[in-house]
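Chains: A, B and C, in written order; residue numbering restarts at 1 for each.
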Amino acid sequence: MFDTALTAADLLFLAKGAGVTILVTLISVALGTLLGIVFGVIRYQVGPWWAAPLTFVLDVFRSVPLLIQLVLANAFLGVVLKLRMSGFTVACGVLTMYTAAYCAEIVRGGIEAVPMNTRRAARSLGMTWRQDMTSIVMPLATRVALPSWIGLALGVMKDSALVYVVQVTELLKSTQILITRLQEPLFLLMICGAFYFLISFPLARLGGYLERRWTND
Amino acid sequence: MIEIENVRKSFGSLEVLKGIDLTVDKGEVLTVIGGSGSGKSTLLTCINGLEPINGGRIVVDGIEVHAKSTNLNKLRQKIGIVFQQFNAFPHLTVLENVTLAPRKVLGMSKAQAEEIAVRQLSHVGLGDKLGVYPTRMSGGQQQRMAIARALAMSPSYMLFDEVTSALDPMLVGEVLDTLRMLASEGMTMICVTHEMKFAREVSDRVAFFHKGVMAEIAPPAELFGAPKDPELQKFLAATH
Amino acid sequence: MFGYTFQWKQVFARLPQMLDGALVTMQIAVLSMVIGIVLAVLLTLFRQSGSRLLSGIATAWVEIARNTPALFQIYMAHFGLGSFGIHLSPYVSLLVGITFNNAGYLAENFRGALKAIPETQTRAGRSLGMSPLQAFRHIVVPQMLRIAFLPMTNQMVWAVLMTSLGVTVGMNTDLFGVTQDLNALTFRTFELFAVAAVIFYLIVKVIQTAARLIAWRLFRY
């Protein structure tokens, strides 16, 4: 099994793929989280009725396969609008919206978990809405939301394997290219799987630990 | 008859029952009082075999509870127990809570089980709650349902483990009234309780447990009127 | 306005083919859920068994399923098993991959649900003379089902969405595969995939609505 045709150059190729996976994930999670917080606060603040259009749009991102979202975005931007955009930009854009859609739910859930009495107490001390939001709601909601958010970020990393469809060569695509050339699928897939696992597993554990710790308080 | 002979029970290195000897006759109402950690609740869970024991033996109607050959499922049918937490089955209606064991354990038909359940539920004053889910009821109602659930198995003995301790003060009365009614009907009962007034009125005998030992046992007039054990004297002084 | 003429007619003419694909997608999703639930129950039992070997296998399964991409799992079924001389058709590869994923996630859900039911419930059942199995079957399982129901619904939705990954191992009879083939014929990429997106969206909504109805019927308490 260790008798492999894999060269140092091939390993570098895989490492590059892994770098792309991480880069796409970091960009999308960062932007998507910011957007998700904005959407989540809006949804909570304006109530279910006025938020309905936003809720609908976000729900679409959670109800259509990511692969189709990527193909559609690529076709719409490239063929319909005739914009020249790199696959990388399209991938980050779609994954950002995808992240935001899930993140908004997490944020709303976090805010709703803050007891109304605590907030009334804050307002009764003369705090403004903004002060209440930043010094009462945010710290408490973060506790509820952080474990789910870790899960989401890891989910986005795993789902970023699909951006190959807009010509972005991330880790899994790099692996597949090497499989086609070297014909050693099991060995290569195990390297690739180990990479995802080694990032995801410890962070998922951390999320689980935080969840247990904070719910026991 | 329940015969308890030199029963010992430990949780790890902590010995909670240090050799208890006690006999409860048919038709007797025994109440057990004592501070927390005195081992009184543990004794009840040992009597129906929910907890194993480390020494001695418990014999119910001639059957040794902790013998390997004893069919505990069968034995438990004649020993009903009601806990401090009501332990209602939240996914079943009041009627279903009460009919479940008669149907699944005794193999009764639905109609038969329901007839018995309705009778027992009416008996504890819940005849109008048959289709209600327990989560919609007060703690007192849930506890009375738990009593009816145990009674539906037609047990020969009933064990009550601090059944009013988790209740709001307002709701204690209705559950104690149910116990009084059972006592007056001649049910053999062992009640672990903190309700001294109840113990004084209802019991044939009262036992005082202290640190895993049965320090004193006597009819209520004697035990409350002229306590001999110094720990019991302290305990009674503190509870009044 | 866009300098691009949408041609929906051409796409609507292909709708029957796409709906046939949607049926295959549903079939795979349902099969993968049914088998996945059975496997998840086994994995949950393995993890409770106390046997080092069994719980090790189950834990490895659950952690790999949850910590690697679903697409990786499908590749493993298709290319990875191929290294052992086991060559699965695209359909079976996709089914195996999704089922593996479902079982892992569901097993974790079941374990959480089991933990959420207090020990006192089993005790209460046992004190009424029930056997351990009777108490589990009549008292624990129904309550577990309620807790695990929403996660199970979500997993079903995931299963539907995951079928789109079959195209990477050569699947061409499911909704995504059919759409892809039609695209190669007509080049109406945007219109075709927009219609596919709508079909997927509707399937998901039907599942969620049905689940809500079932939950409402089943869990009255």
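Quick note on the criterion: contacts are C-beta pairs under 8 Å (C-beta built on N, C-alpha and C of every residue); 3 or more make two chains touch, one makes a residue touch a chain.
In this text, all values refer to a predicted model and were calculated from it rather than measured experimentally.
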Worksheet item: Is the number of contacting C-beta pairs greater for B-C or for A-C?
Response: A-C
Practice prompt. Find me the chain with the mean Cα position closest to the mean of all the protein Cα atoms on display.
Written response: C
Worksheet entry | Most widely separated chain from chain A, with each centre as the mean of CA atoms | B
Discussion item. On a C-alpha centroid basis, what's the spacing between chain A and chain B, in Å?
Written reply: 55
Practice prompt. Please report how many Å separate the Cα centroid of chain B from that of chain C, as a whole number.
Written response: 48
Practice prompt. Find the geometric centre of each of chain A and chain C from their Cα atoms only, then give the gap between the two centres in Å, rounded to an integer.
Written response: 20
Worksheet entry | Sites on chain B touched by chain C in the complex | 48, 50, 73-74, 76-77, 80-81, 83, 85, 87, 89-92, 100-101, 104-105, 133, 135, 146, 149-150, 153
Fill in: chain A-touching residues of chain C, taken from the complex the two chains share
2-4, 63-64, 66-72, 75-76, 79-80, 82-84, 157, 161-165, 167, 176, 189-190, 193-194, 196-197, 200-201, 204-205
Item to complete: Using the touch definition up top, name the residues of chain C that touch chain B in the complex.
Response: 120-121, 123-131, 134, 138-139, 142-143, 146, 219-221
Response to the item:
Given the complex, residues on chain A that touch chain C span 60, 63-69, 71-72, 75-76, 79-82, 154, 158-159, 161-162, 172, 176, 179, 184-186, 189, 192-193, 196-197, 200-201, 204
